[in-house]
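Labels A, B, C and D are assigned to the chains in the order they are written; within every chain, residues are numbered from 1.
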Amino acid sequence: MEKFYEASKAEGPIDFINVFDLEEAAKTVIPTGGYGYINSGAGDIFTYRENERAFNHKLIIPHVLKDVELPDTTTEFAGDKLTAPIIMAPVAAHGLANVAAEEASAKGVATFGTIYTASSYASRTLEEIRAAGGADAPQWFQFYMSKDDGINRDILDMAKRNGAKAIVLTADATVGGNRETDRRNGFTFPLAMPIVQAYQSGIGQTMDAVYGSSKQKLSPKDVEFIAKYSELPVYVKGVQSEEDVERALGSGANGIWVSNHGGRQLDGGPASFDSLQYVAEAVNGRAPIVFDSGVRRGQHIFKAIASGADLVAIGRPAIYGLALGGATGVIQVFEFFKRELEMVMQLAGAQTVEDIKKTKLRENNYC
Amino acid sequence: MEKFYEASKAEGPIDFINVFDLEEAAKTVIPTGGYGYINSGAGDIFTYRENERAFNHKLIIPHVLKDVELPDTTTEFAGDKLTAPIIMAPVAAHGLANVAAEEASAKGVATFGTIYTASSYASRTLEEIRAAGGADAPQWFQFYMSKDDGINRDILDMAKRNGAKAIVLTADATVGGNRETDRRNGFTFPLAMPIVQAYQSGIGQTMDAVYGSSKQKLSPKDVEFIAKYSELPVYVKGVQSEEDVERALGSGANGIWVSNHGGRQLDGGPASFDSLQYVAEAVNGRAPIVFDSGVRRGQHIFKAIASGADLVAIGRPAIYGLALGGATGVIQVFEFFKRELEMVMQLAGAQTVEDIKKTKLRENNYC
Amino acid sequence: MEKFYEASKAEGPIDFINVFDLEEAAKTVIPTGGYGYINSGAGDIFTYRENERAFNHKLIIPHVLKDVELPDTTTEFAGDKLTAPIIMAPVAAHGLANVAAEEASAKGVATFGTIYTASSYASRTLEEIRAAGGADAPQWFQFYMSKDDGINRDILDMAKRNGAKAIVLTADATVGGNRETDRRNGFTFPLAMPIVQAYQSGIGQTMDAVYGSSKQKLSPKDVEFIAKYSELPVYVKGVQSEEDVERALGSGANGIWVSNHGGRQLDGGPASFDSLQYVAEAVNGRAPIVFDSGVRRGQHIFKAIASGADLVAIGRPAIYGLALGGATGVIQVFEFFKRELEMVMQLAGAQTVEDIKKTKLRENNYC
Amino acid sequence: MEKFYEASKAEGPIDFINVFDLEEAAKTVIPTGGYGYINSGAGDIFTYRENERAFNHKLIIPHVLKDVELPDTTTEFAGDKLTAPIIMAPVAAHGLANVAAEEASAKGVATFGTIYTASSYASRTLEEIRAAGGADAPQWFQFYMSKDDGINRDILDMAKRNGAKAIVLTADATVGGNRETDRRNGFTFPLAMPIVQAYQSGIGQTMDAVYGSSKQKLSPKDVEFIAKYSELPVYVKGVQSEEDVERALGSGANGIWVSNHGGRQLDGGPASFDSLQYVAEAVNGRAPIVFDSGVRRGQHIFKAIASGADLVAIGRPAIYGLALGGATGVIQVFEFFKRELEMVMQLAGAQTVEDIKKTKLRENNYC
């Protein structure tokens, strides 16, 4: 591990064509350990790779003569008008990427005009994140529970105090996946985790130690507890099957978040996009669905929405933008996805986000 | 972008074994920006690559003892006798490849004896293209509509005046695809677009700007308008689904052109050859079908015709031939495809083009 | 093309582990043009490669406790006792590989104890081939017909005179495939073709010219003609479909030879092994089936026999053996296949060739 | 072959992240011939590679809110409490990897707390292996039968005398597979095989010679003989089909061992993991199932158990651990698998081994 961790201080416009450019450039400005932590996946990175490949399992048929012009990506969600159905995924420790950390990313996301999900393991306090986004910006709070319910109440109070509109319970990371890049790099977090400082300082800790300090034994009762105590909508994150949909909704969850943690947790499992169709069928309109893992293109967002997602979250690409351009970089990344989504909508004959939802993708029989 | 764009001036026989040789050689004579524009595809070039791979999804069974000798590739189409069911696809700006531009390609195609489709974004006037092909050569006109119907009427008048036998409405390019090679090369068109000069000069414009200046909001009414005003058969180009077949034929189209624009528009969509079977089933003999995208071999032409196409259009290979050998090169490329098609016909036991249409391909269960 | 073609003069034991070793070593002793002719395939070599890959489409289940020991590869075919159900495929111009040409290969095959199929385009006369094999060795004659029936009668007389026990009508090569390696090498045959000298000298001719000089317009009548005139069993070679099985058997063929000419003729067609199952179902025991194309391992032979073949023919590997070791090399190659077949039989629980025929392979669901 | 075979003398902790690290490092401490023998597979190593790839044919769905914490890998098997359902596969000649040979591996496995399967071709006597493991450690004896039943009785007596709790009859290696690496290396065993010295000294012998000296003609009668004479449970190893399940259980086998000998015997056959589901359906609870071949990750163990295995055996990874760290290395390798299995259990929502057995994997439709 680097002794003195020097994150990027960049702020300003980035020159890039696509997200893969960002990934490559980010590698040059983020210290090795931090980049490895952000970029890499679990085990043989089979599931990690499947996440991207899986989008080719369904094909968008270009449609013509559909009377479409200047497609509209805006969407209303839970009372908020979003610039696009693209939101910020919870990602730990933005300070690894940029010294401006969550203050820059929250500001960028708010400027773009969408939901920001603050991670429990953020490098900034929720007060700072709220202030950076501004009072009107929709923010959600991603929760890694403590083993101590007193601490959990305190953290939930903090989230409410800072205007969180929903609590996202990450349930697929009760232990760390076998992220071998971190082990090869000897990576430990160089930065504090102020939000959860009551149970975890963060500094000098491995990812495994951090996860180990949080609650492993998650159950439907935890969803009930959070919902009841916070009186906020609860999203269960990490759902990939009918069974888990029922367990989550049955315990009072208000939303389902399909994810495999970006391929960082259980290797040898399905691509998140492949799981989406199972989940969407099971949910069957009973709750909103958020989707993440593997999104690198506007066409991926289109495919996810056409497969049942209401919102699509992006993680790594935004963090690369943060590393390379601070708040401005984050905005650019969201604009990139919006621009590609608009192009896809035009070519696929979808004027609105509702039109995307009605779009039928074609199964790819040859992959 | 190159400051002074110096296209090839080649005219004369080329030495080549196959189309991949041409692609490689063309790269050495076409300036970088122009070559990138001609050669490349959209996004992650998934669909671009699928276009070629998809031909392996169906297999030609060699047939023996079928009493075949010197197979006959000629076909009659709409009153014209064609040397082969292989026609010239509309390609913008032939001047990028050869200073002789569309005059050379139109001459070459006419000499070979098949249909030439002139692009709205040609580097030559329709008068010049008509003159180069000669009065008897069948020419079609590919139309990118203006937002102004007065201009559209003028362009259609021009096409009729110059003997166009059909209007091809390209409907899958109402915005440009994410052609990243062009962005990396900073490509802008170095040449004028005389046919559409009433709405677009072309010079110094990016592809996105060119598409942006044309009409985005295409609808069935546009097909009706063109058919009524021009009194010519209208082909809708970019059709890949049953739904679009119905919309096109329902609005008065006389022909269907299956294409995904050579993988240059919507990445993440199906291979054009895979879409052909859906389209052919939907058309069910109600209209002629033209097919393009990914054709590099005589066997591809055979497979497309056996899958329902009446005519197969080639684009990039002919442009490489134009770059390397002018009109002569274009003829050679068409002769190459004809020669390979004859070989395939002989080995597959098809004496005539009608025999190809009756041929049943075998599904490839292992790809 | 090499001006003076110097084929190998090798005679004696070769040191090799498998057939791929032979392929590599043969490249160093056969002149470039000749090696290219022998080794290469048609077009994009898709079908060529599929020929080998296709064997993985079916899996041999190892069977235990089957009471097997020292499995017996011998088989009786049409009155001859063969050392193994492995025969020599017809291959043109053995003189390209070794100056001893068909005299060495016929001798090697006879010593091993199986059927030798002499090619019409052999570098030696049938008299020489017969003499080299010896009077008792089973030899078949592969026939490329002349356009002149008088010549055809003469050639058939010659075959009968030299003890041919069957006539193999190669029907899948009425024109040459697009063998681009030959074109790149400027390959022409450096050697005479004495058997067909009445219609083709061979020397200085391209493969296309040679095929062009033979009869293209093959039909069921040709099978009838050969069967009637020669009074020998006729095998139609190049059959890959039910339709062709019926046409061949309906015109008096006595055997079916499944082959795609080693991937040298129609690229974009099925692997020969994949076609075998269609053919075997169609033949349904009415005639013996010979199989070739892509055989490189004993397991391939086992799989072909388990899929319906009575005999499996090998071509290129034997020619590599010929180049590297003359008659001795040819024997070694046949011994290699026999040895691997024995091992597979032992491990798959098959004591006899009849046991192989009764073996059920498992479909590979994952390729 | 190396003249003086110098195996590793290592004993102590190894630094490694995963099994592929071990494979690479082991190559540097094991002499070439020995490493080739241990590491390589048969023929084109198709089946060898399929063994690992096949685990991707089934996917573990991460499950959330399952109330799991500190999963328990212990399992009871035939009266023994095992630390995990992971046992030592029989592997010949541990002396190739480490001079401490089976004494170190038996000690390591006993320390970890699971079953050790001693190979007939061990480099140590059963007395030494028993002593190294300790009197309470569960040991099984893998049997390669002699052609002489007197010798077989002596060997079985020896096994019983040394506390073997089961006899594993390896039935898939009645001849050696075509292990070409051994042939290229000219590998012969440099060490004695004391257990079978009555029929095979081992020293200076090829693998083919060793297998040749054992009994080929295995049949159900041999299972009956072993069961009756030894009065121990008999496992038949190498079963991959319903047919063989019936033959084994019908002749008195008490357990089924699914294996393809690590891809070392019959190339062109199915992956062992793919066979497991066929076997598990056929066994249908009538007997315990042991699984091996291709296990490199905790997720593989999870998938095998979820597919019907009761115990999963590992071979090569343990031998690499032996080479690099002696008994300590062996323990570390087993600990590695246990640790990964625990992580997978936690993330898949399985508290116990019984929970794994109830887990339903998802078919991977895209491979």
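Everything that follows uses one rule, which is that a residue touches a chain if its C-beta (ideal position, glycine included) is under 8 Å from a C-beta of that chain, and two chains touch if they have at least 3 such contacts.
Source: prediction; values computed, not measured.
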item: For subunit C and subunit D, chains touching each; value: none
item: Angle, in degrees to the nearest 5, of the Cα rotation that carries subunit A onto subunit B; value: 90
item: Homomeric contact subunit B-subunit C: same or different residue positions, threshold half; value: different
item: Subunit B-subunit C separation of Cα centroids, rounded to whole Å; value: 42
item: Subunit A and subunit C: spacing of chain centres that average the CA atoms, whole Å; value: 60
item: Multi-partner residues of subunit A (at least 2 other chains); value: none
item: Touch-based graph of the chains, sorted into line, ring, star, complete or other; value: ring
item: Those chain pairs that satisfy the touch definition; value: A-B, A-D, B-C, C-D
item: Parts of subunit D lying in touch with subunit A, wherever the complex brings them together; value: 17-18, 55-56, 59-70, 297-300, 302-303, 340, 343-344, 346-348, 362, 364-366
item: Subunit B residues within the subunit A interface of the complex; value: 43-44, 46, 50, 53-54, 57, 171-172, 174-178, 180, 183-184, 216-220, 222-223, 236, 238-241, 243-244, 247-248, 251, 260, 265-270, 274-275, 367
